[in-house]
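Take a look at this one; I'll ask things after.
By written order: A, B, C and D. Residues from 1 in each chain.
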Amino acid sequence: MAAIEVLRARLRAGLDHPAATTVIVGLILFNAVVLGLETYPAVMTFIGPQLLIIDQILLGIFVLELLLRLVVQGGRFIRDPWNLFDTVVIALALLPASGAFSVLRALRVLRVLRLISVFPSLRRVVSGIAAAMPGIGSIGAILIILYYVFAVMATKFFATIAPQWFGSLEVSLFSLFQIMTLEGWADMARELAETHVLAIPFMVVFILVATFIVLNLFISVMLEAMQRVNIDHGATSPDPQTVALENLTDEVQKLRAKLDQLTTK
Amino acid sequence: MAAIEVLRARLRAGLDHPAATTVIVGLILFNAVVLGLETYPAVMTFIGPQLLIIDQILLGIFVLELLLRLVVQGGRFIRDPWNLFDTVVIALALLPASGAFSVLRALRVLRVLRLISVFPSLRRVVSGIAAAMPGIGSIGAILIILYYVFAVMATKFFATIAPQWFGSLEVSLFSLFQIMTLEGWADMARELAETHVLAIPFMVVFILVATFIVLNLFISVMLEAMQRVNIDHGATSPDPQTVALENLTDEVQKLRAKLDQLTTK
Amino acid sequence: MAAIEVLRARLRAGLDHPAATTVIVGLILFNAVVLGLETYPAVMTFIGPQLLIIDQILLGIFVLELLLRLVVQGGRFIRDPWNLFDTVVIALALLPASGAFSVLRALRVLRVLRLISVFPSLRRVVSGIAAAMPGIGSIGAILIILYYVFAVMATKFFATIAPQWFGSLEVSLFSLFQIMTLEGWADMARELAETHVLAIPFMVVFILVATFIVLNLFISVMLEAMQRVNIDHGATSPDPQTVALENLTDEVQKLRAKLDQLTTK
Amino acid sequence: MAAIEVLRARLRAGLDHPAATTVIVGLILFNAVVLGLETYPAVMTFIGPQLLIIDQILLGIFVLELLLRLVVQGGRFIRDPWNLFDTVVIALALLPASGAFSVLRALRVLRVLRLISVFPSLRRVVSGIAAAMPGIGSIGAILIILYYVFAVMATKFFATIAPQWFGSLEVSLFSLFQIMTLEGWADMARELAETHVLAIPFMVVFILVATFIVLNLFISVMLEAMQRVNIDHGATSPDPQTVALENLTDEVQKLRAKLDQLTTK
């Protein structure tokens, strides 16, 4: 048992070594290039089989690294969401990808996202963005409710006169998303306005409401980020005024001690 | 009379019970699905009558819930704007919706917005957004004045050469809104520029002025939100400086008390 | 002379009276409606001459009000930029507007902008926006320099292959403004890319540089607004900590006085 | 040797003289006009050779100024990045610009960017923007990784059905950049959706992810700018709290000195 512990400690030291990280980063970058080259039919004609073999070897290395990390970390492995992330993007390549699942083959490139999980600084940015999510959940929920309401209304109003845009609920949802990105909305509005008197008011109201809510969503993401920065700042370096105040309090306490001496003399 | 009071108290307890809220949320979501299904002609052919009956039953439940809340809250009912909101979105379904008023039928889906009034967290977000409104009223007024002025000018300049965009004041107002969303403005400007030398300067000035005012509108919404957050923050957790200051004041007051002792000795 | 002074004081009281402001606002709004109606040929056919007479009468009243304000304020009149603003928008209607100057007729609607100068709250918003201008002057200058440089390069690169977009320096400047609004830029880039290898890199670099500078422009407008809010806040209400510190200093000074008494006793 | 030192000091005084700066600014502006005029074929037919000669003379003056600055500043010259900037934009004009390098001729207009390096206020804005770069490096890296991953996926999904947009990796990268600017994305999505069921989810997910990351990029640029402003502000004008705190500390120190007197009496 002790021998296993020693092996585990050595493995951990090996995996945490900067050189190991550099090698992994290099292999992911190399894999990214290989996956990129695989999209060129001309390249595949020449060295297609070789690229696929390299891809398999790289996959094998990544699987091995993941297994070693599982051995080293034991139970802690599954508590780190980044390990889950790595496992999923690697497991995608192990799933059968033939027939109806051929789309999974394209998802293999998600493995390149491991570049984010390898670098602590990138990981921190993603964690920060993810931490802002709960704070914007309420505004997101309101946006989704409004989307649904507007989509049902749009389908009832315009389904018969513009089936290509509002023919059914899911088509309307897509068109409203398009309108919210302000892409080609005016042409839609002008064409609908020829047959439906409410088309222009409907669109303008939707744009005003949707952009205003998205603006509030942006602002709440920003306020979350500002508070996060303030908290980080506060945690690492106390501000000079607080320090000055604490020094001053010390000074006054010494003064009091002196006065105590004087009184009891 | 006392019996009515007891009944009222029981009703209030029932309506405020978490289970009641869960049931209402479930019914609104179910109603949302029914209203969505009603937009599919194929679904309506099969189970149309059933859906309409379900819709009527749900409407009945919502009317009943509203009446019960009115009974329980009494005079306080009309002072809460959210009760007014609930009443309006439910009343829309009770209005006659035939002939010229068939548009009201589509507005029945607004009932789904009750999801916002049911959840306190969503209600708070909407209240927060609504509270920011007066603060941006001045910039909004300036934007509307400028819109009108630019629309009159655009109509005078371009009505004869591009009636499809600037044929009358209301058409110009819509086109200027389109230009402000930066959608398809360049094609309009290039076509107008062929016959009117002022087309491009007019458009560019309008875009610069309008986007700058909208930017200021966004900033003032953001500043409102920041101040709201600061006020909330200030109320919940005292900052370290204030704590340090209070400690210091305590210390000095003790010093003075000691000195008073010394003087009066 | 004293009689004139009395008359002046009475005039001032009359002009500053809330009722006078209400009347002026009403007349400007009425004038806005008249100027709007003048854009409808059908309306002009029926009551065109009447509208023009009303317009002349309203103009007369505005000129009279301005003259009275000049009499009342005397030398102070020209020091207030809003008086200059009012004078210019009214004077526009007094200029000859025939022949080559017919464009001036359309500018008469600028008179409606007096709604901004009448309301102190709107005036303050415009002053605030204007006050932010010097702070963004440097970024604005950099943006203009970059525009010019990119326009000269674009003209040299693409003048022969796409004269409709980059035929000459002024056409290029307009096209680059269009590209900066991200309107229809991709179609331009794809068409140019067929004949010029640098088209896509040029466009992408321009978009990245221009949007990044515009972002910095937005941020500096926002920071100006935030500091303005802080200064306003600071000027009207001192923050509680500073007040607490000043009270504490008072306390310590009294303590010292007491100690002085003690020493000299 | 002393004579050279005297000459150097005189040269430095001359180059730093406001008049010298004014002359240089005037020459750059004049050069900007000349370079602009060179883009007009009609102008080149008339005074083309003269313009080219003027351009050569101006270039000579700029080279001379740069050499003089090199002489005056000596070793310090290369440590200032703005000197490097000036050298590069001037050197571009000295490179051979015939045949395959004719593109370099168009880059001569970059010389106009020296207007930025001449004015300290503009230089400071650019330095500020450049200083914000490292802070956004992490988000930028994540954006690039995601771009690459989405481009490989898009090529695998859509290369055969829409080669004009996703035919190869580089074409996909450009199309995704276009989609991120929200320009014409909806038409692409609708056309792809006819043959590929994943087209619309793919586009919507990409737009949501990309805009959200760009939003976070904007926010981090803004937070950098806010902290920079706070630091600048702190350095130039002390805030009232710090002043009050310093007064208080002074007061307490005097108190202590008095008490010391009392004790040692």
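General observations
Everything below uses one rule, namely that a residue touches a chain if its C-beta (ideal position, glycine included) is under 8 Å from a C-beta of that chain, and two chains touch if they have at least 3 such contacts.
None of the values given here were measured: they were computed from a predicted structure.
Listed by label, the chains touching chain C and chain D alike form an empty list.
Traced through touching neighbours, the fewest hops from chain B to chain D number 2.
The rotation relating chain A to chain B, fitted on Cα atoms, comes to 90°, given as a multiple of 5. Look at the contact of chain B with chain C and you find different residues on each copy: under half of the numbers used there are shared.
Chain D has its Cα centroid 28 Å from the Cα centroid of chain A. The distance from the centre of chain A to the centre of chain C, each centre being the mean of the chain's C-alpha atoms, comes to 40 Å.
Counting partner chains per residue, chain D shows two or more touched chains at residues 182-184, 222, 226, 241, 245, 248, 252, 255, 259, 262. Here chain D touches chain A in the complex through residues 138-139, 141-142, 145-146, 148-149, 152-153, 155-157, 159, 168-169, 182-187, 189, 198, 200, 204, 207, 212-213, 215-216, 219-220, 222-223, 226-227, 241-242, 245, 248-249, 252-253, 255-256, 259-260, 262-263, going by the rule given at the top. Residues 32, 35-36, 39-40, 103, 105-107, 109-110, 112-113, 115-116, 119, 121-122, 124-126, 129, 174, 177-178, 181-184, 218, 221-222, 225-226, 229, 240-241, 244-245, 247-248, 251-252, 254-255, 258-259, 261-262 of chain A are the ones that touch chain D when the two sit in their complex.
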